[in-house]
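Here come two complexes built around subunit A, the first alongside subunit B, the second alongside subunit C.
Then we have the complex of A and B:
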């Protein structure tokens, strides 16, 4: 309860500071501010797919349904944050490049991530039996994660991209303004905490639902 | 827990021979795939005409034809077992990993035959300029390995779901996208007399990663 309030205050402070305290990067001008929202979303997307993959492998090892809850929830949240990153990126692209979408390598790779999550959901929805669904989607999640390092780190390095890491972060050397950096890391932390909070809520909900489904026959009997 | 990690080359060889023999008896899968590839090819060639000077379009079309032929045919290997209710018999004589490796080799062979027919026909019908054969064949080979590796594993998953055929294309597409992207841009580069080393390395690395992940996951394909 206290943590939840702290998270709200933390993110609110970061947003306010982003508008009143942080300077703007020369070329990007007022669109600089998208980075406090867009990059944390993209980061949570990768984190969520990684979380889903780890939970899936743990499920395959232990066959404990709690790990399947984690895998499914992380993928749902990943899809949500991936949409946030894609939409904020497209809006920024409209402002800077003049078009919402033009298949820049970065746009391509985030779109592929989006498709991976959607396919994961489609696979889950096609299997009725919970145990079989858990096993098969765990296999899919593990194989899908193979493409993530390629999409996120290899493809943008091979192909020419207009994506502005060079303006903010040249070749891994961080030369951001310290004020931008503080707010950026603050938002990164805030988004990560937001992800884990939502994850925990949803996993608990799924557990309650499963317990109720298991208890349903007994309840019926007691009522009769 | 799956304990069928034992991999005997003899069992894999037996599965491969069995696949080839049952395919040769009806030639249903191969005929369907070839017809499909040739139909697509003719439709593209008829619709777009000869595109000898547009190598960017040519490389995209070539891989789209190959991708569609793959998606239309490679899930067949497992779906056939499920529909013929022969899978439990097969599983008595071999471990999941052996079955899957046998099917993977069969799928590779299948793709090879498909490409021997489709690719020359494509080059002739579309009036393509002569490719740099070394690079071109290496791209085709590495692309096929990656296509076969992912579609074998996902075919195994899909065979156990409702609505098998419809789901396969949608679910395997995200995993195949990096392959498609690298293969298209490599094919374009070799036609434009540019180096394609980056794409070849990307395809090799991705194919190897898919293959390694598949080998670890095959054991979980079926419940004991």
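Then we have the complex of A and C:
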């Protein structure tokens, strides 16, 4: 309960500071602030999909359904944050470049990412039997994640893109005004905490649902 | 591993290889100037401003400039429409349109801005 409140306060403070304290940069001007939302969304996408891959591999090794809960939830959240990143990116593209979408390599690769994980959701909803569903989606999630580092990190460094250059430049440093950097790291942390909180909530819900489903026959017997 | 598993892995690798090689060409919409000159239909080219002598008439919504790509080829571009505000500070420019006789007629211009997250005040202080 306290942690929830802290998270709310943390993100609220970051947002307020982003508007009143962090400076704007030339050329980008007021669109500067998109980086406090767009980049953390993209980061959480990668984190979530990576979490899903690890949980999938752990499920395949142990056949423990709790890992399937984690894999499914993390993939769903990854898809959600991916949509956030795509939409915020498109809105910013319109403001900065002049077009919502021109199939720039960065846009194409995030589109591919969306497709890959929408397919994951479709796969899960197509299979009713829980164990088979867990196994097949675990295999899919584990293999699908191979595309993520390529799409998110390799593509923008190979092809020309209108998108700003990757933050971690060739010297391994992040070139940012200190105030911007503080808020940015703050939002990264806030988004990460948000992800773990949502993950935990949903996994607990799935576990309760599963226990209820397992207990249903026993309850029926007791009633009869 | 049994024969079925090996076959599955081989097929998977083959599928990925086909996917990646066909992906590599289509992942970028930007084509070279030579291809753009030959192409029909709407194409996208990208480059940097070749020189500072561009003709910019903001009220008449007319812009004429030269684009230079990584191979140092030059493409004259004419654009009629709302001029992007940060045109002269653009790191790179993308022109979307068709090639016509002697120049590239751009229907849309997209500009890439510098990836600098340093505030203006700091920059001025440092340079003074």
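Keep in mind that, in the parts below, the second predicted complex is superposed on the first by the 216 of 224 C-alpha atoms of A that agree within 3 Å, B and C clash if a C-alpha of one lies under 4 Å from a C-alpha of the other, contacts with A are read in each partner's own complex, and residues count from 1 in each chain.
One rule holds for everything that comes next: a contact is a pair of C-beta atoms (placed from the backbone, for glycine too) under 8 Å apart; a residue touches a chain by one contact, two chains touch by 3 or more.
Remember, it's a predicted structure, so these values are computed and weren't measured experimentally.
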Open item on the list: Looking at the superposed three-chain arrangement on subunit A, would you call subunit B and subunit C a clash or a fit?
Closed with: clash
- [ ] Using the touch definition from the top, say if A:136 reaches subunit B (first), subunit C (second), both or neither.
- [x] first
Open item on the list: Is A:205 touching anything from subunit B or subunit C once the two structures are fitted on A? First, second, both or neither.
Closed with: neither
Task: Touched partner set for A:215, first subunit B, second subunit C, both or neither - done: neither
- [ ] Could you tell me if A:25 is touching subunit B, subunit C, both of them or neither one (first, second, both, neither)?
- [x] second
Open item on the list: Applying the document's definition of touch, where does A:108 land relative to subunit B and subunit C: first, second, both, or neither?
Closed with: both
Task: Touched partner set for A:96, first subunit B, second subunit C, both or neither - done: second
- [ ] Quick one: classify A:177 as touching subunit B (first), subunit C (second), both or neither.
- [x] second
- [ ] Return first, second, both or neither, reflecting whether A:87 touches subunit B, subunit C, both chains, or no partner chain.
- [x] neither
Open item on the list: Between subunit B and subunit C, whom does A:116 touch in the aligned arrangement: first, second, both, or neither?
Closed with: first
- [ ] Give the one stretch of subunit B, out of 77-85, 95-103, 113-121 or 167-175, that collides with subunit C after superposing.
- [x] 95-103
Task: Residues of subunit A contacting subunit B in one complex and subunit C in the other - done: 108, 143, 155, 159
Open item on the list: For a test of understanding, state which residues of subunit B touch subunit A in their complex under the given definition.
Closed with: 150, 153-154, 157, 160-163, 167, 170-171, 173-175, 177-178, 181, 185, 198-199, 202, 205-206, 209-210, 213-214, 216-217, 220-221, 223
TODO: Write out the stretch or stretches of subunit A touching subunit C in their complex.
DONE: 23-28, 32, 35, 96-99, 102-105, 108-109, 143, 155, 159-160, 162-165, 175-177, 179-181
Task: Partner subunit B, residues of subunit A touching it in the complex - done: 60, 108, 112, 115-116, 118-119, 122-123, 126-128, 131-132, 135-136, 138-140, 142-144, 146-147, 150-151, 154-155, 158-159
Task: Residue ranges of subunit C in contact with subunit A within the complex - done: 12, 26-30, 44, 46, 84, 86, 89, 92, 94, 96, 108-123
